[in-house]
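Look at the two complexes coming up: subunit A is in both, with subunit B in one and subunit C in the other.
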Partner chain A sequence: MKLQKVVQELNLTVMTGESLLEREVNGGYAGDLLSDVLANARVGNLWITLHTHPNIVAVASSKDLAAIIIVNGRTPEADTLRKAEEERIPILISSSSTYIVVCKLAELGIR
Partner chain B sequence: MREFRADLHIHTCLSPCAELEMSPRNIAKEAKRKGLQIIGICDHNSAENVLAVTKVAAREGIEVLGGMEVTTREEVHILALFGSEDKLFKLQEIVHENLHGTNDEKIYGEQVVANELDEVIGFSNKLLIGATDITVDRLVELIHELDGLAIAAHVDREGFGIIGQLGFIPKGLALDALELADPSGRDTIHLEKDLPFVSSSDAHTLERIGKRWTTFLMNDMSIDELRKCFRGENGRRVWM
Partner chain C sequence: MKNHEISEVIKVGKAQVLVYELKVEAAMTTDVITINPQDTIEQVREILKEHKISGLPVVEGDQLAGIISIEDLIESLLEGKMKERVGEKMMRDVVTLHSDEPLVRAINEFGRYRYGRFPVIDRKSKKIIGILTKGDIIRCLLKRLQSNHYEDELRRYRAGHLFEDIVSDQSALVLKYNLEGVSFERAGEGSSRLKKNLLRLGIHPDVARRITIASYEAEMNMVIFCQGGELIATIGPQCVTVNAVDKGPGIPDVERAMQPGYSTAEDWVRELGFGAGMGLPNIKNCSDEMNIDTKVGHGTNVQFRILTKK
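On to the complex of A and B.
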């Protein structure tokens, strides 16, 4: 499924990577311990987290993740957005919790 | 120069997770008994017992560094240590403005404010176990603006350690040192930039005080001398 479809269906706010929404999403990983995400997320995954720190961009970039969804409407730091533009990582914001976001992604068939 | 034995991370009965026995007098006596010359008092997100411990520890010949173990927005624990009470309380003011919620003693434990006679003089009603809205990058800046030292706490623990929470130490984060809960694990920590290590007890009970320590080789006990030790200036050294 394309990122564009996920953005529409979950009503996400696109903070960075507007031009990258043709990317394919092959699954997801939810986690707030970045060491765990580094160890267990897979290439092409959507990553669902509450973190807003610039390190999330480095993690997403090093694991070739499709995009980051930040939950609970949290606002990323300016530095995070700047790095995400540089590293071509889409940052998407949901006003919902991790649980609800994951439920909706599962409903869309992203497993 | 001479060697100072320091345990820089000790909680008092103010921390909801610490035992009530962690009163100012008990901590000072135990630190003396364990042969420590310097102790750091670092309760979660508050410094309300620092003055009482400082007063009684002085009688035992022990120097106290006033501090806090601040929980950042990313739920990373950072030790903030100061040589000046005014600056410590300035940081406390900022931390409290950015810390929300009220403590529930039944769930988290009592947050006892004590005086130098070990009398209970009040209870903090803030949710000290919670996280502040301050990012780790901003917190380290704030600590340095106030001439304090910023040490990433228990970096070898997954929960609340900076490496567990954030995957790696953010580039450009100007930490003064890294604390290890277990010094034997030093080789498992991979760093892009060389940083000095300390080890401390993170004591929540009297028995734990001084079970881990760090030795500083320096002229006298001051925050500036500690900073110079971390930088290895003029033969000053730090080891664990």
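On to the complex of A and C.
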């Protein structure tokens, strides 16, 4: 499934990477421990987190993740957005919690 | 929610970064055509027609006095007052921009007011030094995007041929990233820059990713525990060796530090999602060989090697 479809279905706000939404999503990883994500997320995954600081971009970029979904409607810091543009990482915001986001992704068939 | 507004105005990826970086002076037209308050509306008509523009700043002495636009001209035309002085017809409360402000402010102002142009004022001299329209902003952004793209392509081509072009029995390229005094927010920049260079050198993305993850973990360790250090990557034809060298407190019990989940990080570090006790184990998992050389009170060298050709 393409990112664009995920954005539509989950009603996500696209903060960065508007031009990168054609990418295929092959699964996801939810977690707020950065090393855990680095170790266990897979290339092309969506990452669901509550962090908003610039280091999330470094993690996503290191791992070539498809996008970051920030939960609970949190707003990323300006630095985070700047880095995300530089590193070409889409940052998407959901007003829902991690649990709800994961449930909705599962309903869409993203496992 | 400022960022939402910006992304609505310009949804072009890199352009979003550029509007923060570029200043109004980079986009404005410096060749400003102005008019005096004593001139007539008839003269405004002639100037607008000649230069194919839709508005004029009104200048008295060397200071901005007002602005007159094509809408004012139409009004005067309908009222049959083409001989009226510009000073009587012009708008006096002019919204202006300063030349040193970021473009993003200009974009916000265009969104807020429905004006077609803003005079640009020099902060010190208060004189008008330019004029900015939406067209100016779009032209400036397109130009910058084009040149950035071209530079990227050129660099990638040059770097990819490095090991083919340089002939010796043993060649290695050493890239050093100084992380001394790097703040927490900026941590990760060293490994991110390293990754870009590895890709430019033609290293397979999967291999580059492993090197980057290991380097990132090493970099975070140095920033969290040691106020920085040095990340030194030695890139050879067969493998990449990275040394993460710091003058920090050292690791008292390496065996324990290597156990997944063991961490000595402080609470504030953990709140940001670090300090999971998985940094060193992650480095080990990503690399083909790993060594830790440490002395309590003196510092640590975490060395790891990743084969680039199997």
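Structure notes:
To be clear about the criterion, the second predicted complex is superposed on the first by the 111 of 111 C-alpha atoms of A that agree within 3 Å, B and C clash if a C-alpha of one lies under 4 Å from a C-alpha of the other, contacts with A are read in each partner's own complex, and residues count from 1 in each chain.
As a working rule, a contact is a pair of C-beta atoms (placed from the backbone, for glycine too) under 8 Å apart; a residue touches a chain by one contact, two chains touch by 3 or more.
Fair warning: this is a prediction, and the values are worked out from it, not measured in the lab.
More subunit A residues lie in contact with C than with the other chain of the pair subunit B and subunit C.
After overlaying the two complexes on the shared chain, residue contacts for A:72 are found with neither subunit B nor subunit C. In the overlay built on the shared chain, the residue A:18 is in contact with subunit C alone; subunit B does not reach it.
Once the two complexes are overlaid on the shared chain, A:52 sits against subunit B while remaining clear of subunit C. By the touch criterion defined above, A:64 lies against subunit C but remains apart from subunit B after alignment on the C-alpha atoms of chain A.
When the two complexes are overlaid on their common chain A, residue A:8 makes contact with neither subunit B nor subunit C.
Of the two partner chains, subunit C is the only one touched by A:81; subunit B is not.
Touching of subunit A by both subunit B and subunit C, each in its own complex, is seen for residues 32-36, 38, 51, 53-55, 58-59, 79.
Those residues of subunit B lying in contact with subunit A across their complex are 73-75, 135-137, 158-159, 163-168, 170.
Taken in their complex, subunit A has these residues touching subunit C: 13-20, 32-36, 38-39, 43, 49, 51, 53-55, 57-59, 61-64, 75-76, 78-79, 81-82, 85-88. Within the complex, the subunit C residues that touch subunit A are 1, 3-4, 7, 11-14, 16-17, 20, 184-189, 191-192, 195, 205, 209, 212-213, 216-217, 220, 272-274, 276-279, 281-282, 285. Here subunit A touches subunit B in the complex through residues 32-38, 51-55, 58-59, 77, 79, going by the rule given at the top.
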